[in-house]
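As written, the chains take the letters A, B, C and D, and residue 1 is the first residue of each chain.
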Amino acid sequence: MKTIDLESSRDTAFMDAVACESGQELKSCYQCGNCTAGCVYTHDYDLPVHQVIRLVQLGQKEQALSCRSIWLCATCQACTTRCPNNIEVARVMDVLRHMARRQGKTPERLVKTFADSFLKSVARHGRVFEAGLAMTFAIKSGKPMQDAGLGPAMLTRGKLAFAPHEPSNQAKTEVAGIFDRFAAGKPACHAEPTAATTEAKQ
Amino acid sequence: MRIGVMICHCGNNIASTVDVEAVAAAAREFPDVVFATDHMYACSDPGQRKIEEVIRELKLDGVVVASCSPRMHEVTFRRAVERAGLNRYMFEMANIREHVAWISLDRKRNTAKATDLVRMAVEKLRVDRPLTPKSFEVQKRVLIVGGGVAGIQAALDCADGGLDVVLVERRQAIGGIMSKLDKTFPTIDCSVCVLGPKMVDAGQNPRITLHALSEVEEITGYVGNFDVKIRKKSPFVDWNKCTGCGACQEKCPSKKVPDAFNENVSLTTAINIPFPQAIPKRATINADYCLRLTKGKCGVCEKICPAGAIDYEMKDEIVTEKVGAVIAATGIDLFDYKKCGEYGGGRYPDVITSLQYERMLSASGPTAGHIKRPSDGKEPKTVAFIACVGSRDRSLNRPYCSGFCCMYTAKQAILTRDHIPDSRAYVFYMDIRANGKGYEEFIRRAQEEYGVEYVRGRVAQVIPVDGPNGPQMLVRGADTLLGRQVELKADLVVLAVGVEAAHGASALAEKLRISYDAYGFFLESHPKLRPVETNTVGVFLAGACQGAKDIPSSVAQASAAAGKVLALLSKDKLESDPQIALVQAIRCIGCGKCERTCPFGAIRMRELRDGSLRAEVVETVCQGCGICSVTCPVRAIQLQHFTDSQLLAEVNALCRTWDETTES
Amino acid sequence: MSVRLGYYPGCSQGSSAAEYDISTRACCKALDVELVDVPDWTCCGSTPAHTVDHHLAGALSARNLRQAEGAGLASVTTPCPSCLAALKTADLHLAEPAFRTEVERLLGGPAPGHVDCKSVLQVLYEQIGAEAVTAKVKKPLAGLRVAPYYGCLLSRPPALMAFDDPENPVSMDALLRACGAEIVDFAYKTECCGAAFGMPRLDVMTRLSARILGAAVEAGADCVAVACPLCQMNLDLRQGQVDSAAGRAASNLPVPYFTQLMALALGLSDADACLNKLVVPLEPALAKAAARAREAAAAKAAKEAAKKQSKPAAADAAKPEAEKEASCA
Amino acid sequence: MQDVGRDYRIIGFLCNWCSYGGADAAGVARFSQPTDLRIIRVPCSGRVDPMFVAKALLSGADGVLVSGCHPRDCHYSEGNLYARRRLEMLRRFLPIIGVDERRFEYIWVSASEGARWRDMVTKFTEKIHELGPMPRMTEPARTLCALEGMLGHSLAQPDMAQPGPEGAAAAGTAGMNDGKGGANGR
């Protein structure tokens, strides 16, 4: 394993960005490992949660953003619930994933594909059109047969609506608008820690 | 008036962010100031001699020192000026370290602020008056609250020093937490063998009056003369008659009473003597479980008691004691393990606290020293210890380190391997805190000699599972050194619970008029230099009530507190602080407002010949708060050294200087 | 008492979780909880949104809160924990000026004020209560052994959800006990089932769900009661995938929504419980339970009879008991 | 905190046992704070006469902060409760005599709360900077006497602690009766 030059590889801008976008104070993490201990996804992670946090503490942007773990976190909140230092760990994992996306890093392609297809469906119909989502994903994923077996079971039980049950056009345009403005890009984070977040800390 | 001023560098503590020469220069221009200089260390011997020198040479009648907080060195400097023949109250201090140099790096502003503070001090000094303390008799007795190892040690030391001691213990026997321990680290001494004799001494010493099953109800008065009201709870047994034979305990039909002394891992009887070495060895009836007291039937103990000591009608009793000093030694309680739901304490029988485990290890405990897990009484082969439960945890508002859990956990792991040679002991820890004599060595013994497995990482969760032979607890942890998730199927899980201030500690603090921190631990009057004193003169601290401590530290602090008390009460008379209220009779209109507001009853109304009333301050009782000064409609009563004009002198000093700065 | 609340079904209630929607509405009606649908609601963004961007997620949820606010609904309830988490998270962070500003940019309009969001479970447990439920039970689920599975989000993180015990929730236990069911010791109440990984990482999802189903079987449960459409889909629809991935025989463990079980106990029509929508049928479990209840009742009756010889007085008191048991079984 | 040429005039009355200790603790912990505050040590917040505060504000202080022990934690058992009652009364009267009551605050800080002290001082100082300098009062002395009337006090009377030297007397009460207008007999 290659040596980390703590000083030269320390990306403080990155550290600040994570702190700012997540509203979490990572300096207060003392690496007890509770998050890792309780995380049911550790089994599939390439880096345990506490080490992901550690990388951020040391400003190791490249490594932190290219790990698979940040894509495999399901936000089940076990870590956040049990952190002895009141750090919303899951929120930090979210933020790292956001950054990785912006950098075009996607070690877990299908996870990204699923999220994208889901949101596309929402953007088009205002609500998720499950059948449509399943189809699109099946095709994009290159594993069209994975869930094919489930089709009949759902159909016979009327669990698979063929047509999306959509809200009014008005509502659909509003939702579409949200996505358009989001695509138009957002300002960099300059969020001072505010009421809710500081409160949560106490 | 001739005033001298000394500005202290305090090495570079002050000088690095305050231009002390400039402050001294400015001071020379202040009214009545005939001398001003700066000095490297005003509190040092040369510093103090310099002060005395100047006072004599320049015939000063007042001195101002600008240095650290008066809470730190006011006493020091007052002694210095007194040595040079000045009255110690003709001295003022400006706090330019804690309140200036240490809170800002802005040299320009700091210097201006320091100058202001010196000006305020000078202006006050100009209206200060010499005061002379009076002396008063003291009670050569000491009250000690709490009969744990600290309280016992303090009691014995005070008694040895010739003081009468009143020892108050909330529970029915003294000994505290130490009496529940099996062995002690790092020597693996038998705990009760070490403590037992001390308990006996405390019980037998003619100088020590022991009030067990009692609590301090109220405490009034002041150093040298405290009046204490003590509530002696009714044991429903006349302890003067009871011989502690235990016959009642054998016959008592109510046998389903949780045994508090055994941390509720076992049951006892409604009437009981908590443990064999109990001091006082007297029976007590638990009113919540006694059939006679709850249902009106039974009465077996009364029938069989050979001494006829049982008294179901017995009521609480209030006794009053006069003492000259108080030592608080209320110790600690354990963190409630139920608050950590993820470990299932209270839900799963085989998840227990370290103190419950300690009782199991103890030969006099419920299992007679054999480790048997609660669920099925089987001997556990795999025991998991989880450290820092309720310690170093902000989410539980317990951010502090409890200090000794690392050590007792190592001890319990060693004892486990001792009791059950074919067992395995795992310790899940975050850091090992072993900063005591022989402590680190002890930890290493646990690891090397006894093969205790240490796993670095907090445990997330404990859940019940079916093991090969019977139910087990699945411990889900992490090994942060490997960066891996780890799991352990344990037969027994021991939670190394942290400590909290004893419940009710803050209430006692309010009765004693001492301060306590956010967690209920009592506040010492200076963390470094006055660790056993409190802000209330005559009240001292011993043991863990001041902050988590292990046995040696508690005993050491207890002896320290005893030493302080002995020194204090070695004098036959004490000097009263002259900073008390004084009535100007010609101004007093006898309205009696002051008498009504004084929290200490230090003011009484005296009737003159013409029948009119005048307020009068009882000097030994007045505590010098000054509430009366503000209450008096005609300002006839003034707190000496903090009079209206003295305080306003400081206010004016500030406002006036500012007028100048704005005009200039 | 009657309660009036805004109702946010969430997308899956229209299709994959239709039975949850139907049984929820039925139970609420029966328990005097008036549900007013949030007009023209849209997707809350769910997990995918917050994995992409917090402001986007905030805006998608905020739109629905605004709809509720507009309809004069001060508090909203939703059966879906994922929706709930999304709505509550948005509501919490809208208190932060910076967050609010960006969300309003995305909304292209004003963001809503505070809207109180609760899960249907919380409403039934806190605002109706077990006692009230017991009072209305017509067909107790006597003998039915249920493993209550809450999923990860209902009570976590406690700071956000502010409901029940994050480590050992008991609300569903209480409601189902009130319905006469027997709650088995189940240590996996809040263990994550694999959530949305069913499609992208089936292997991950099956590994996690396998542990939960396994634990429930081990605990001797007749069925697993759930409160989340995603959990239900993973444990029921995908049970086959789970079992085969775990390389074991079919668990055949029915996974009804807790509202379906309540609907049954409250004696609402099967259509309202719509059991036919479950992939693993519940009926066999119900039959087994009924048998179990009958035996228990019989045994009890026998005991009473035996007692009667000795102490006639006691038996009379117990007799109606026994009959009641028998009748409901 | 916005920077101005010089410090504002902020006077603090701190009880010796809790708040003064808290301020010391903040210093010992090297918590950086605004420099404007000048602290006057009193035995107990119960010693703080509302008239001191009024006097300070009317003689040009921009803000006054009084800090004592937390209720129930008072070294003199109830001094801070008297303080609270009196100072609350004063706060209500300030607007009447034309002083913005935001310039005056009373708080509780214990000897162990260094961080809390830092926060309190910073907040108060920032508030005063927002309010800007205290406007000059016309005839402060008369206003003061008016207030004395309202509060049923007479600060203007010379007190016993100054028998002889005029200097002392002047320093003591000059501000209270700067020249004429004062209600006192001298």
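Here is the rule we use: a residue touches a chain if its C-beta (ideal position, glycine included) is under 8 Å from a C-beta of that chain, and two chains touch if they have at least 3 such contacts.
Being a predicted model, the structure only gives us computed values, none of them experimental.
A.B. asks: Which chain pair is joined by more contacting C-beta pairs, B-D or B-C?
C.D. replies: Taking the two pairs in turn, the one with more contacts turns out to be B-D.
A.B. asks: In angstrom, rounded to a whole number, how far apart do the mean CA points of chain B and chain C lie?
C.D. replies: Using C-alpha averages as centres, the distance is 50 Å.
A.B. asks: Could you work out how far the Cα centre of chain B sits from that of chain D, in whole Å?
C.D. replies: 32
A.B. asks: Chain C to chain D: how many Å between their CA centres?
C.D. replies: That gives a centre separation of 60 Å.
A.B. asks: Quick one: report the Å distance separating chain A from chain C, using the average Cα coordinate of each chain.
C.D. replies: 26
A.B. asks: Do you know which chain C residues sit against two or more other chains?
C.D. replies: 166-167
A.B. asks: Pull out every residue in chain A that's touching 2 or more other chains.
C.D. replies: 43, 78
A.B. asks: Counting only residues that touch at least two other chains, what does the list for chain D look like?
C.D. replies: none
A.B. asks: Using the touch rule from the top of the page, what pairs of chains touch, sorted by label?
C.D. replies: Result of the pairwise touch check is A-B, A-C, B-C, B-D.
A.B. asks: Where on chain A does chain C make contact in their complex?
C.D. replies: The touching residues are 21, 40-41, 43-44, 72, 74-78, 80-81, 88, 90, 94-95, 97-98, 101, 108, 110-111, 113-116, 118-119, 122, 126-128, 130-131, 134, 137, 141, 146-147, 149-150, 153-154, 157-161, 165, 167-168, 170-172, 174-175, 177-179, 181-182, 186-187, 189-192, 194-197, 200.
A.B. asks: Can you name the residues of chain B that touch chain D in the complex?
C.D. replies: Per the touch definition, chain B meets chain D at residues 1, 31-32, 69-72, 95, 97-100, 102-106, 109-110, 112-113, 116-117, 120, 123, 126-127, 129, 509-510, 513, 515-518, 523, 535-536, 579, 582, 584, 587, 597, 599-600, 623-627, 629-631, 633-636, 638-640, 642-652, 654-656, 658-659, 661.
A.B. asks: Using the touch definition from the top, list the residues of chain C that touch chain B in their complex.
C.D. replies: 165-168, 185, 187-188, 218
A.B. asks: Touching residues of chain D toward chain B in the complex: what are they?
C.D. replies: 6-7, 9, 11, 16-18, 20-21, 23-24, 26-28, 30-35, 38-44, 46-50, 52, 55-56, 59-61, 69, 72-79, 82, 86, 110-113, 118, 152-155, 157-162, 165, 167-169, 171-176
A.B. asks: In the complex of these two chains, what residues of chain A are touching chain B?
C.D. replies: These residues of chain A touch chain B: 28, 30-39, 42-43, 47-48, 50-51, 78, 82-86.
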